[in-house]
């Protein structure tokens, strides 16, 4: 097998027997809160902006600066993204442009991000818990030999140690734990899309750009990106960012009844979500699963029909502004965290809601017109 | 056609009887395959039970070292309940606090897992998530089993059926007929989580000490059955069981679950379990036909042990100890036969029955042989009496100026008005006979 | 070809209960299972073996009981199983775990060179999806995460082509062997074990390696000591203070309830109605 790659100048691991929890002077030098800005084919993933909002708060508490990292090809409007990043709270944007950075690949991106960290020494590094962010975060953290906390739902600064206190659900949301990286830097964390609130953009903000080079050529990169097959628009389901979600559960009994969920969603111009069992029994696409092993959503309106409200589902949707639950069982857990509840047969309630909403919206849009 | 045996013995089921049997066989160096339907041993077994040390000691003398035991019983309560009160006896003895202890509460899922690990240490092969569908016959001789998996036939010199109360296998093979509804009880039980110190306070017991409450009376809604409550380390086990036949014939269409809910709300029980968080709910059958319901338990290349043989002492709610003992005796029969180089024929395996008859198993079952009948034919034990008894107690213990003699007279007449004198006498005699 | 699949034994979180008083996990009686995600990787490995021949070795770091999880993998068709088990590994976070597993894989590779390492996408207990990338980096393996399909494998050319799930599409990636792959869930279905396989697995001598046998040099890199992350606090979810408002079907009919509900929703969330109307326009 290949020889292991020697990590690019790792933050020196403190010596000594017992578990070290003290920050070495060398590592005390690490300052600033960074966000890796994820973009693909001309679009920045909103999770990056959500993270900049959080980074701003953390940096203000620490009295330090916010940095944003942009890696990409020459023709990928990185400057435009950088300007946006600043409007969302970044003070400095670190840009590395190189042909080999066009389209995400683990090897060059890991090198790019790792080198920047070793050079500018940020205290905290945040990434989106997307397929790209998780792939990259795991590699970078191991290369830097530092701590990484995945899928955080809350980020704070510990008043005593001034360390990043990252809170995440464990055991599928039945418990939460707060994790800190005390003796290593940077402190890394990933956060799912939609867990943090979208900050307000402020176009009057200013910041500076720092350009760097990658120092890597295509021939050094083993993995080749042959093609990118974009999802057909039809099956592009963007649950996390939907304003209205109507979700169905096993209580709907069969895929036929599930059509009622689609009907209501259509009238509301919303998306359709589902619980895991519905996905597992093939009633709907996997992309529609809401929860711990599905998507995290925070729509303005979440209507749950025939859903018991198991904790693994709850953790994915309890951030919704208004939750309406329809369930035959008055003791179903979903009623513990819904705002409005109807104890009744979803097969009857859903059509009634559909016509009521349709009727109402029709009326109002006339008034508006 | 006869295939060469791959194993000395196949044990179907990994409950107490199957584990006792497989363990004993493997310890003796025999090549044993144990097949369990559940995801893991214990997964299919109702939780929370009493373990009787003696039977296990004979198999694993030092079981106390690492077995997951909850509490040893220092107090036994027997309650007769009517709708809002109970009359009962409490027996607590410090003798019960002197090791080695005689009875423990256990959580079956954990206990069975532990027992199974011992079985595997002893060298038996265990496969789970596999159901035995049929016995493979070669003429009169059982030569192996057929499982619900691809290439599912496996052959052995002898097959021991430890497959629990339904004993599907033996029935399919025609070794015995359908079990009568009147011979099985349907029991439901719940495990209620409760912090350790709350349990200690409510039952006034120490660290390891435990209490058992056995209950009869109106709680079974006139059906033949009993209720029970055990203290585990960090939980309570509460349950109730009645004869399956009674449920089916129940006038009020009472469901087992409804009974349990009613029991939990009983003013004498509610305060004990108050605040308990439900961890587990399980329903399970108990063979309670007793002595007369025991089928033929051995034949050419096969034996039946535990619940599948109906080895349960309903009166004392003993089952797992009979299960373990029958499992051990069956194993010892096989070991002896092997040693003597004898075939696993009916005539050789007969000694299993002989040993059973000599053991406490058949002796006890014989002693109580008439119990099921008596209780079954006389449901007043579960309807009228509880009320009368508690009324009586109420009268006696309420100080209201009425002299005790008069009270006695009133009580007696209250019994008589609701049941003829001959009836009363008859009941007494029946009971006395049954318990004799 | 020789494939190593890393599998973890995890408590079946469907049956996990939290101690209402101490807020700790009650593992008592909770069955331990093979991490569901790992089975997609194992099945993919077995399919490669069916196609190209060779050997699949399953590797796990965990307590002695984890042997059962490995046994299960043997019953599915894995050829060999190694359990890296040692008190010294206790308390490992993902960084320390990837170190120990990488060491284990190197030892296995000494017996027979390894072409592909598989890990699951993530675990259902740790659920970080970091150990896979961690192992890859420590061993200098090419990393292919969230793989939805293995398009082709060229053993002579020492290359492999896969489809990788990315945001909004699928990447087609080609890389050189050896590499590390994490499979996406629901990309295949685990086969059933037949009875002989079950019996074989029950009898299979799982190899148990201590830290010495796994050739762990640096004891500061394993277990609690090798774990940068510190769990500072564990707590239960905070109960919703606001109580649910029930709309009673007994007292009024479905239509009124529906209209009533949407009034309440719109008053609670003023901008929502406007948003919906905008959608109507579009």
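When the chains are written out, they are named A, B and C in that same order, and each has its own residue count from 1.
As a convention for this text, contacts are C-beta pairs under 8 Å (C-beta built on N, C-alpha and C of every residue); 3 or more make two chains touch, one makes a residue touch a chain.
All figures in this text were calculated on a predicted structure; none of them were measured in a lab.
Across the assembly, the mean Cα position most removed from that of chain B is the one of A. Top contact pair of chains, counted by C-beta pairs, is A-C.
A simple rule picks the central chain: find each chain's mean C-alpha point, then take the one closest to the mean of all protein C-alpha atoms, which gives C. Averaged Cα coordinates give chain B a centre that lies 41 Å from the centre of chain C. One finds 53 Å separating the Cα centroids of chain A and chain B. Centroids built from CA atoms put chain C at 19 Å from chain A.
Counting partner chains per residue, chain C shows two or more touched chains at residues 17. Chain B has no residue in contact with two or more other chains.
On the side of chain C, the complex with chain B involves touching residues 17, 20-21, 28-29, 31, 192-196, 198-199, 201-203. Taken in their complex, chain B has these residues touching chain C: 33, 39-40, 42-43, 47, 107, 109-110, 125-127, 130, 147, 149-154, 193, 195, 277, 279.
Across the interface of their complex, chain C is touched by residues 1-5, 7, 13, 18-19, 21, 38, 40-41, 45, 103-107, 110, 130-132, 134-135, 137-139, 141-143, 145-151, 158, 165, 169-184, 222-231, 236, 243-244, 268-269, 286, 292-293, 300-301, 311-312, 321-322, 324-325, 335-344, 348-349, 352-353, 355-357, 360-361, 364-365, 368 of chain A. For chain C in complex with chain A, the touching residues are 11, 13, 16-18, 23, 25, 93-95, 98, 102, 106, 109, 113-114, 124-125, 127-134, 136-146, 161, 163-176, 178, 185-186, 220, 224-225, 227-237, 239-240, 242, 244-249, 254-255, 257-259, 261-262, 264-265, 268-269, 271-273, 275-277, 279-282.
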